[in-house]
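Here the structure comes first, spelled out in structure tokens, and everything after it is commentary.
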Amino acid sequence: MTRQMPVVDYLVIDDGPPHLAGHRCDECGAVYLERRNACAACGARTFSPTRLPATGRIESFTIVHRGAPKHVGPFVSVLVRLADGTFVKANLVGVPPEADAVDFGVPVRLVTYAAGTDDDGTEAIAFGFTYDEPTAPAEG
Amino acid sequence: MSDDIWIIGTAMTPIRRHLDRDVLDLAVEASLGALDDAGVTMRDMQVMAVGSQFEPFTFGQDVQKQIGQTGIPLYNVHNACATGATAVRSVLMEIRAGEADMGLALGVEKMTGSSPPYRMTPPKAGKVFEPEGRDGHVLATEGVLGTGQMFGVFAQTGTDYARRHGGVGFEQFAKVAEKNHAHSTLNQLAQYQRPYSLDEIMNAEMLAYPNTLPMSCPTGDGAAAVVLVSDAKLRSLDPDVRRRAVKISAAVMTTDPYDPSGFAHPDVNTLTRNAADRAYEQAGIGPEDLDLVELHDCFATAELVHYDNLRLCAPGGAGEWIDRRAPWRDGELPVNVSGGLISKGHPIGATGVANLYEVATHLRGEAGDRQIEGARVGLTHVIGLGSVCVVHILERAAS
Amino acid sequence: MSDDIWIIGTAMTPIRRHLDRDVLDLAVEASLGALDDAGVTMRDMQVMAVGSQFEPFTFGQDVQKQIGQTGIPLYNVHNACATGATAVRSVLMEIRAGEADMGLALGVEKMTGSSPPYRMTPPKAGKVFEPEGRDGHVLATEGVLGTGQMFGVFAQTGTDYARRHGGVGFEQFAKVAEKNHAHSTLNQLAQYQRPYSLDEIMNAEMLAYPNTLPMSCPTGDGAAAVVLVSDAKLRSLDPDVRRRAVKISAAVMTTDPYDPSGFAHPDVNTLTRNAADRAYEQAGIGPEDLDLVELHDCFATAELVHYDNLRLCAPGGAGEWIDRRAPWRDGELPVNVSGGLISKGHPIGATGVANLYEVATHLRGEAGDRQIEGARVGLTHVIGLGSVCVVHILERAAS
Amino acid sequence: MTRQMPVVDYLVIDDGPPHLAGHRCDECGAVYLERRNACAACGARTFSPTRLPATGRIESFTIVHRGAPKHVGPFVSVLVRLADGTFVKANLVGVPPEADAVDFGVPVRLVTYAAGTDDDGTEAIAFGFTYDEPTAPAEG
């Protein structure tokens, strides 16, 4: 079986369905994705792991042409506000890289895919977001 | 003496080859150590200065993001081996000037290379995946987890505004560039000096929707300088100097206060709003009193959102404001009559002085072909992503 | 209002791809333009700040060397696109604090690479000679026209002192390192914590005569921080904080005044003497009142000449002073009881804060094993080559 | 005949005996070796070319071991004060790289030598200083 690693360590792929994990400030509840020293909101210095929701809303987008990695081509970058208020930046996948194709009104859901393979054959698993149409096509 | 300055907290890390700690870990240990030692927190700090000879970009802001983002002024300084001492002096002057009563000075250096990077590092070709940095990335995430490229980041700032407010689309953003390129045709100091039609702008190469090439600042070289004097000194100078003198009625520097979205996408709105509000209060002047504005249009999308952030247009009304040509040089409040960064150019270090040059030149009535007649009050605005914002309000000498 | 600050001169270069001009040319054009516009000269400036996001080292000092070296404080700042605005703020705070009544702020950036470098560039392999830079060099001049390496430069500073004064030779310089390595055995924060015998030091690898390896600062990582408050704010704080507070009785920053030798070899003496003299005057304290000193011993040769520059020893008597162990921790005036840069380590950005940490810790009586008993007054000194010097005098709270 | 170029442009090799040339401030007389914008001493902005004397005194020296270019080996770096008060840094040549061999008391004189050759066969002519013993061995 192919060995897999997440592209970043806040994507968890070996504990049930793939999901994002954050560090929640024990004092004020602010959530961060990367390793932390202290809390930018309140200054507290201890955090607890927290599992983040898989769904959210698009806050902003762009379609990057210049400087896009060659093997990726033009792509849609989105800022997503997850259901718990955590913000995460990612690609909008399964949607053509055209301005008209991006709809703020449709909720999005986390998906994962293989983004590369190393010399040992290990796959890097990336995450992105895609329209969550089956569950709530007309919501919002 | 009331001029005395006191050290109430201090800390340092052991000096080592810290192979398992990144530069932020060291910066944070010393910073928190000094705060703890003083029995105070980042909330008590009114200014911060960070000295590092080798850390690039806005490293001090990266430290704030780890220990507390309260929006205070922040200096990134270097001065060879006197770098840390220069950070101390920056804080000391803010306190002595009465701008702050408490501040934090940090000096830090990572001299050994073989320890964890905290910024994104480029992927090594033909390698075996190994997690790196604070996010444990195994490959370059640009284009995989969205974009961090400047034109993309500011593009998203624009579409965020468009989502929240009506009447804003590709065309409104493009109109900003049309205006600035038109303005620079009158400015011989500008890098570009030819008009671009709206069509030409909208059909140009797309860098990152909705910013096309002529909606983005070019790469160019330049320098700008100002000589400042105190009010007391000014009184001793020649009448001709006094007559041409321009008053700095407000000078405000802000950094990012904490915002939950800021870690995923830089928030250029809040710190600009904070800086503008404090500047208007300091100067006793409102947006309605301004005769011209030079604001930070690194991309057309940025200029549009700052109409609102600087309170130049009605709340949410930036699209309508550019549609009715309000910020054109013959409109109700000329914005970027120099051509702005999009057309005048953006040599990074020079930019925050060049905008003072532009406004001061108009207030002196010496702007030649591009003079805004009778200009008495102007505002300058600049943002360094990371972030830091500086707003000045200038007034011409009463004559 | 007496707090008003005025712009009396301003200038900017055209923004271009300046392919035939180096970054100094641009910096000078704007700086001289602003001075001319104000009808003043560098002699009228009491402070200068230079903003550049990309120029490394002490670029501002390089500008001073082109337009006027008067020894004034100088900030090199960066803050991304707000870099120039941060330079303006540095000058503004010095004026508002009453440290200066006139100052120059410069912002500059060379964004395009294909223009003449002004610093030495490495030779291209297998090339055809072509003159480069302001000296028109055709090959790397290190080892051909003397040395510019740090340990060599400071070695020459030492042999210059030995030429001018008796009783100074290899052994005296080595004794400095012997002392500092002995001192650091008591300092757990130090990078090295083992004693070196004089023999071991003198027989170690020679980097550049007379500096051997253990006479030179190592490469290490570290950070240091201080929290500063105003006198007014201090009065409002807890008695415990007030008791442990350390007063900054003097804070002086100098750069190089013009000296004909300075273009061939950095002069680290004059700016140190100027800074020390002004600090003693500011604090109303003389060298004889000091209980400990942390000075900038990047190399053993540097420490020895600073005994004289800081007036710690009799004029010309630095050799004799180290011979009779005066700067040892049990001598008449302990110098670098932390181990100094040679043994404690020298993470560049941290250094000018770490020396405040050391002296403050002794003045608070909290230095543990290495405490200088009853220390009431201390001095810190740091030099960034290029150059800039900062001297602080600290006093413990009267109790 | 071999084409020659000076290693730096303030060494003049095509106008009589090799010598150093400087820029003298028209206002205060300060002398600089490299291209200038203005005068660091007085602020004036015009300079006139000036020929510098060939002799001087050693002010300071070091013998560089670590980091010395491989084809050069340990070398003696000296700061020389020329007879007109101009300072210049260079190598002390014709003297072994030993501390005892450096004598502040003996005057030095400019000499030149080939320091490298490029792909076209052009020689780079460097300058250094050596003891000026024939003229004044016991002076100072």
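By written order: A, B, C and D. Residues from 1 in each chain.
One rule holds for everything that comes next: a residue touches a chain if its C-beta (ideal position, glycine included) is under 8 Å from a C-beta of that chain, and two chains touch if they have at least 3 such contacts.
It should be emphasised that the depicted structure is a prediction, and the values quoted were computed from it without experimental measurement.
Novice: State, to the nearest whole Å, the distance from the C-alpha centre of subunit A to the C-alpha centre of subunit D.
Specialist: Comparing mean C-alpha positions, subunit D is 63 Å from subunit A.
Novice: How far is the middle of subunit C from the middle of subunit D, if each middle is the mean of its Cα atoms, in Å?
Specialist: About 28 Å, centre to centre.
Novice: Make each chain a node and each touching pair an edge, then name the shape: line, ring, star, complete, other.
Specialist: line
Novice: Which two-chain combinations touch?
Specialist: Between chains, contact exists in these pairs: A-B, B-C, C-D.
Novice: Which of the residues in subunit A end up touching subunit B in this complex?
Specialist: By the definition above, subunit A touches subunit B via 5-10, 30-43, 45, 58-69, 72, 75, 77-79, 81, 85-91, 99, 104, 115-116, 118-120, 122, 124, 126-128.
Novice: Sort out for me which residues of subunit B touch subunit A in the complex.
Specialist: 24-25, 28, 32, 41-43, 64-69, 126-129, 131, 134-149, 151-152, 155-160, 163, 170, 205-211, 258, 260-261, 263-265
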